[in-house]
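Below is one structure, written out as structure tokens; the observations come after it.
As written, the chain order gives the labels A, B, C, D, E and F, with residue 1 at the start of each chain.
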Amino acid sequence: MMPVIMQPNSDEVRRIILTALAEDIGHGDVTSNSTIPESLEFTLQFVAREPLVVSGIDVIGGVFEALDGQVDYQPRVLDGHAVDAGQVMASVLGNARSILAGERVALNLLQRMCGIATESARYVKAIHGTGAVILDTRKTMPGLRELDKFAVRCGGGKNHRMRLDDAVLIKDNHIAAVGSVAGAVARAKASNPATMQIEVECDTLAQVQEALDAGADMLLLDNMSLDDLCAAVALAKGKARCEASGNMTIERVRDVALTGVDFISVGRITHSVRNVDIGLDAVG
Amino acid sequence: MMPVIMQPNSDEVRRIILTALAEDIGHGDVTSNSTIPESLEFTLQFVAREPLVVSGIDVIGGVFEALDGQVDYQPRVLDGHAVDAGQVMASVLGNARSILAGERVALNLLQRMCGIATESARYVKAIHGTGAVILDTRKTMPGLRELDKFAVRCGGGKNHRMRLDDAVLIKDNHIAAVGSVAGAVARAKASNPATMQIEVECDTLAQVQEALDAGADMLLLDNMSLDDLCAAVALAKGKARCEASGNMTIERVRDVALTGVDFISVGRITHSVRNVDIGLDAVG
Amino acid sequence: MMPVIMQPNSDEVRRIILTALAEDIGHGDVTSNSTIPESLEFTLQFVAREPLVVSGIDVIGGVFEALDGQVDYQPRVLDGHAVDAGQVMASVLGNARSILAGERVALNLLQRMCGIATESARYVKAIHGTGAVILDTRKTMPGLRELDKFAVRCGGGKNHRMRLDDAVLIKDNHIAAVGSVAGAVARAKASNPATMQIEVECDTLAQVQEALDAGADMLLLDNMSLDDLCAAVALAKGKARCEASGNMTIERVRDVALTGVDFISVGRITHSVRNVDIGLDAVG
Amino acid sequence: MMPVIMQPNSDEVRRIILTALAEDIGHGDVTSNSTIPESLEFTLQFVAREPLVVSGIDVIGGVFEALDGQVDYQPRVLDGHAVDAGQVMASVLGNARSILAGERVALNLLQRMCGIATESARYVKAIHGTGAVILDTRKTMPGLRELDKFAVRCGGGKNHRMRLDDAVLIKDNHIAAVGSVAGAVARAKASNPATMQIEVECDTLAQVQEALDAGADMLLLDNMSLDDLCAAVALAKGKARCEASGNMTIERVRDVALTGVDFISVGRITHSVRNVDIGLDAVG
Amino acid sequence: MMPVIMQPNSDEVRRIILTALAEDIGHGDVTSNSTIPESLEFTLQFVAREPLVVSGIDVIGGVFEALDGQVDYQPRVLDGHAVDAGQVMASVLGNARSILAGERVALNLLQRMCGIATESARYVKAIHGTGAVILDTRKTMPGLRELDKFAVRCGGGKNHRMRLDDAVLIKDNHIAAVGSVAGAVARAKASNPATMQIEVECDTLAQVQEALDAGADMLLLDNMSLDDLCAAVALAKGKARCEASGNMTIERVRDVALTGVDFISVGRITHSVRNVDIGLDAVG
Amino acid sequence: MMPVIMQPNSDEVRRIILTALAEDIGHGDVTSNSTIPESLEFTLQFVAREPLVVSGIDVIGGVFEALDGQVDYQPRVLDGHAVDAGQVMASVLGNARSILAGERVALNLLQRMCGIATESARYVKAIHGTGAVILDTRKTMPGLRELDKFAVRCGGGKNHRMRLDDAVLIKDNHIAAVGSVAGAVARAKASNPATMQIEVECDTLAQVQEALDAGADMLLLDNMSLDDLCAAVALAKGKARCEASGNMTIERVRDVALTGVDFISVGRITHSVRNVDIGLDAVG
């Protein structure tokens, strides 16, 4: 049974859509409202203009739904699937004023989400067969965390923490504040819910050993050489899971995966991704 | 007297910051809250790791302000100015929990805004001396319109419409719906406030003439050849201002400017920009 | 093709209705809730008790809709049309508690909106055939801007600025701050979007000339004599549009229109208007 | 000890101010922001241009406070006091952009509130010495209930119900639904909190007797002749308080008061009042 | 005609439900969302595990409605009715993820509301036939006032003030501030709406007399002996209604009722009530 | 270094306080506003009337802060400490209207929070020295989760899941839906972030073994006998942590702790707790 892609939180998606529409439309689309007859209807199609991995095809249905419950939006592709240039991705039929009011927001969202999924899928493909898993980071677009992380899942990646509230990740500043890795882990365990996991960032093998001794559940191996990654993986075996991070180019990622780490986290798939080209074309 | 860069709307900036903090922090930073003593203070510095044009240096002060009114944030550079790699951009001194809770959001915002300003400035420089002005588009990041457009201004560009409510821009769909350019312009003039400007998108010189006859205030010349741009500019002289748009690469933009258009609009400075590299380093 | 009356912004209308209901109902209509059976239904009719111009007939349908989606509201007249005393304007059939809970808000809104439309229409009629257009001002009821300006449109007037964000209007304070009309216009042009129009308030013919030289798109001629208005119109011909304002009584307005100004703005049609008399009567 | 005028609910006042500013300013005052230097300061004065009774002099301080905590607003008169034409009512000193952004909202609010207080005071004066009290109604401006009712208090009137939740007022529709006055009063007493008062609307003396028998605490005598009012007052003596309402012109109100009723409610002091003339003038 | 139980304010119920769901679900039920197929349906039943008086049976339908409009919720008992252990109270059929997401909130609400109704009914039964009425207090669970007071009504009690805005209750601090009971009552009458009732708290018979002389509508007799209650009732006869309060145990309440007071207010039925035991069981 | 008690989320605390004040005050405290002079000040003290463990002493400072920033609130005891009857817990000095407006909400919150802390501490004391830890559940008061769980921490307990989003807890319904414990755990691991922990509910030792084989991180042993708890603990040693739950009376809890379980979860410390008695007394 193939695991499904976890959907983004629907309240958050709605918040994103309403915010985006509000900032784009303001007090009203004065052009359409003054030139287009109130009852005019037409049909437009979203068409891929380059090969891409789909993400957000259901999300943008919500853009039109938010504007006008009568618009008929029909997706033609599935999130997580790769499509070629020229593929019709969805059609939208309904009131012309409503569709034009949502056009720009829908394209802005879909082009970004497919861009992230497409880039994530490149990384996933690069480490295929190694057993490692691509993770995202918190370097997402402010306000779009939920969609950015969903798009990574569509590209075959897995998520790291969603927010600062759902797992402990002890970094250098925290260790410095307490005075030792052992102390920081002990405090984190004492104060947090019994169900919370503890991860510790390590820059050296000495820190790896210290974190393991303190009872860390997971290690973040930051900017380590391939040799050090191999050594860290060996130390942690059976005790904690290992995540590699830092300057993770597409050229280097497979070698990192081959060290045996469980996870590789990549910031650039969300913070500096290019929008893919998707058009919204008139039909007939 | 040098015109100032118009600041972004402060309510909108606040909305962006609060949203970004909410989605990143969730119900609390469980790591810092459990490991860092409540009253610990430290100082960090934002440092440019590559040459860039500054944008958002005041905005991110608001990130820390929103978390903790006692944090002392000091910008060291000005929005709109170019800085070199290694330049300290700002310092932040205060409660360690507060600063760490805001770190990621501050970096995500600043890296993007400086990225847009830097890329906009490249375009502005490319057309220096031609009399043309670089404009942005509505292809901004959903939810970040106000900051994206401010960053363009920091880079020396000027804004096109902020929202669909502040100017009329008649496109092919509107013309098709009414049946003629003349009709569309007439309807727009009749129904909108007396203070509203009318722009018309034109793909051909025939449309240019039609729009001028109808009394358009401004023309959007979309995907025209350099020759057609020259001809359109000639037709519009003294009657309407001209804006060129469509596939505006850095290589081509100067030639477009030399046709005599008033404005050149560029989508990629906001929809596909790379975050510039800025670090947040401990001091001392 | 007759231009339609632009509808008010639906989000704003909804905000007004919900606010009005909240402040009138508070925590519940304790009278109806304790005396009227939960499932009782009846029918009431809105009836004009004096001649009036209709405005808001669709808006108040939203009052009942907000309270109870099952109420059947049927307008019988059209916004913008004149009706006589005794005319049934709308009927409302449904749950008695819901209708009574909305009765007062519906009447308060409808009586005001028709009052504004009726008074606006008197001004429009007074200048019939002159070519001038009646404009409103920002002297609207706090919180009701959207409906007040819509009611002016229903009465045959046109709107001036909707808000401070959609056009530049340079007044004496702005000119004093910069030091000259020319400087103020130059700064406004430099900092605002390329699509923004510039209007300048002028009290004297000298200021008119200065504003024209600076490239103003529109002139606000404030409290000028009829002779000065004529002179200003002559100076501005082909360069800028002219708006007359100040103490615009119904007796004087036609003479002003005959000076050739494009627009006449009138504050009293929104800031001091009498509610027209409309009843809500039981049927059968 | 003179009873103080009860202040309006501060949350509601703040809601009104923020709403009014939002609808007037929208995304920003593009004129001031582009022409007036960011740090320029000046002083303006609110001046009465006709005799009036003051209301809202503290409220409008909140307008400037909401925009800019640094503006120094100084009222010079007191709510509830009568002032002559030419009287300086308040001064406002501070950032020019902030003051100009609030100018229109402040004037719109103050002119209306003083208008209501002035008209209310005319009614109060007309019945001076009779023992009767002027009441307002729920015919207030949608969204401004709290300020309208406060302005009535400033004019010397007293309030009727603030909302539908704070007292029971049984009208013809409620009686019809239950079948009798006695039944309606009984149901209202059974279901409502022990602390709630019951008023019954009566059009005839028979209804007056029926309401008294049912144990009503207060009677609303609607559109009764002076003779009937006298008779109703006699019947109700020692059992219930009496309120007269319906077409209450300034000419007729004293005769009504002389019938011995406790209260007289007047709709026109809130639903159709003229804004009084108040200017905002530069100083020095 | 039996008076109906006044329903709680629907906006407030919705606020309570949405708040409770938000705090319980947070960003999503990660367990159900990852393990339960999206379209799986099942049926569960709410079953009383001890005898109880029902309250909230319609309210909790709103929990599932808020999560998923397709869930079919069917109440099987009526608010205000007593049921035995083993009684099926309601069934809920629909999407498994939706039902599980609402399960805990529904049980938490229903167990508390039935707990309050059951305890209130014990008090009501204890004074049966005396003519006195059980009232609640403002000692309700913060945020749940509307439901707590509704549950008291379901148990056969009546409500005291809903909020501080709907009746005047003068206590010792108010009297001390003014200097006398007479002064406090006079001020309360002068400043409040004509429709507002005045209650005065009295600890001694002397205060009772003073409050009656001042024209109080209702007396709160706090912590008085049975003899003093009898005397107070005699003094107040025909002038004001009497409410007894203070340490009102189930053992003592009937004796208090027999003194002839109109009302007895009890804090513990809302501030320290035990949740009754109700299960949510799988069917079939 | 003693671990600190993690503070409740400050936004949530603020939401609770504002909601509680809004529902208690409504449109204003008509009694105080009409009887107490606007500038009168006084001092009150919170005094324990029975022995209790403190919780919420800082929270209720926020009640007065929300009403009036000038009120001086001084806590005299610390959260988590036991105090005797008669102990002054805090003093509050300031505007009399403000303090009276917050009195009821402050008492309602403090009495409940101290009630939970006091009861939790009884459980913690009962298992002292066993190595087990008392956990709470999600059976908290709707809307008060954050404070209820904080109060448990003040009593020496530790929290289980805060919300459904921060850990996976697989129960019988989830297992039934997938078909096996192994399948449910596998799906949960595949779809959730890499940082999420997995707990499985087990009713039998066979299920314990199945959950351990599937790789569960933690086991919820529900309603097991003491012998089965011992056996389960033995099976899980070194593989997963054990939590006992179900009908956890104060009499039985120590025996459960002695089986060697890591955690014991108790519902009644939050769902059916008695408010402790705390007074708010005048000073001087």
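Annotations
Here, a contact is a pair of C-beta atoms (placed from the backbone, for glycine too) under 8 Å apart; a residue touches a chain by one contact, two chains touch by 3 or more.
Since the structure is predicted, the reported quantities are computational estimates derived from the model, not experimental observations.
Chain D is reached from chain B by a rotation of 120°, derived from superposing Cα atoms (nearest 5). Repeating the B-C interface, with the same residue numbers in over half of the contact pairs, is the pair A-F out of B-D, D-F or A-F. Chain centres computed from CA atoms place B at the largest separation from chain E.
For this pair, chain A with chain E, the centres built from the Cα atoms lie 47 Å apart. Here the spacing of chain A and chain D, counted between their Cα centres, is 55 Å. In terms of their C-alpha centroids, the spacing between chain D and chain E amounts to 34 Å. Among the residues of chain A, those touching two or more other chains are numbered 3-4, 6, 12, 26-28, 33-34, 162-163, 165-167, 169, 187, 190-192, 196.
Put simply, chain B touches chain F in their complex at residues 27-28, 33-34, 38. The part of chain C that touches chain D in the complex is made up of residues 12, 15-16, 19-20, 23-37, 40, 42, 96, 100-101, 104-105, 107-109, 111-112, 115, 138-146, 162-171, 173-174, 177-178, 184, 187-188, 190-192, 196, 271-275, 282. Interface of chain F with chain B (complex): residues 3-4, 6-7, 9, 12, 162-163.
Only residues 1, 3-6, 133, 135, 158-162, 165-167, 169, 183, 187, 190-197, 199, 218, 241, 243, 262-263 of chain C touch chain B when the two sit together in their complex.
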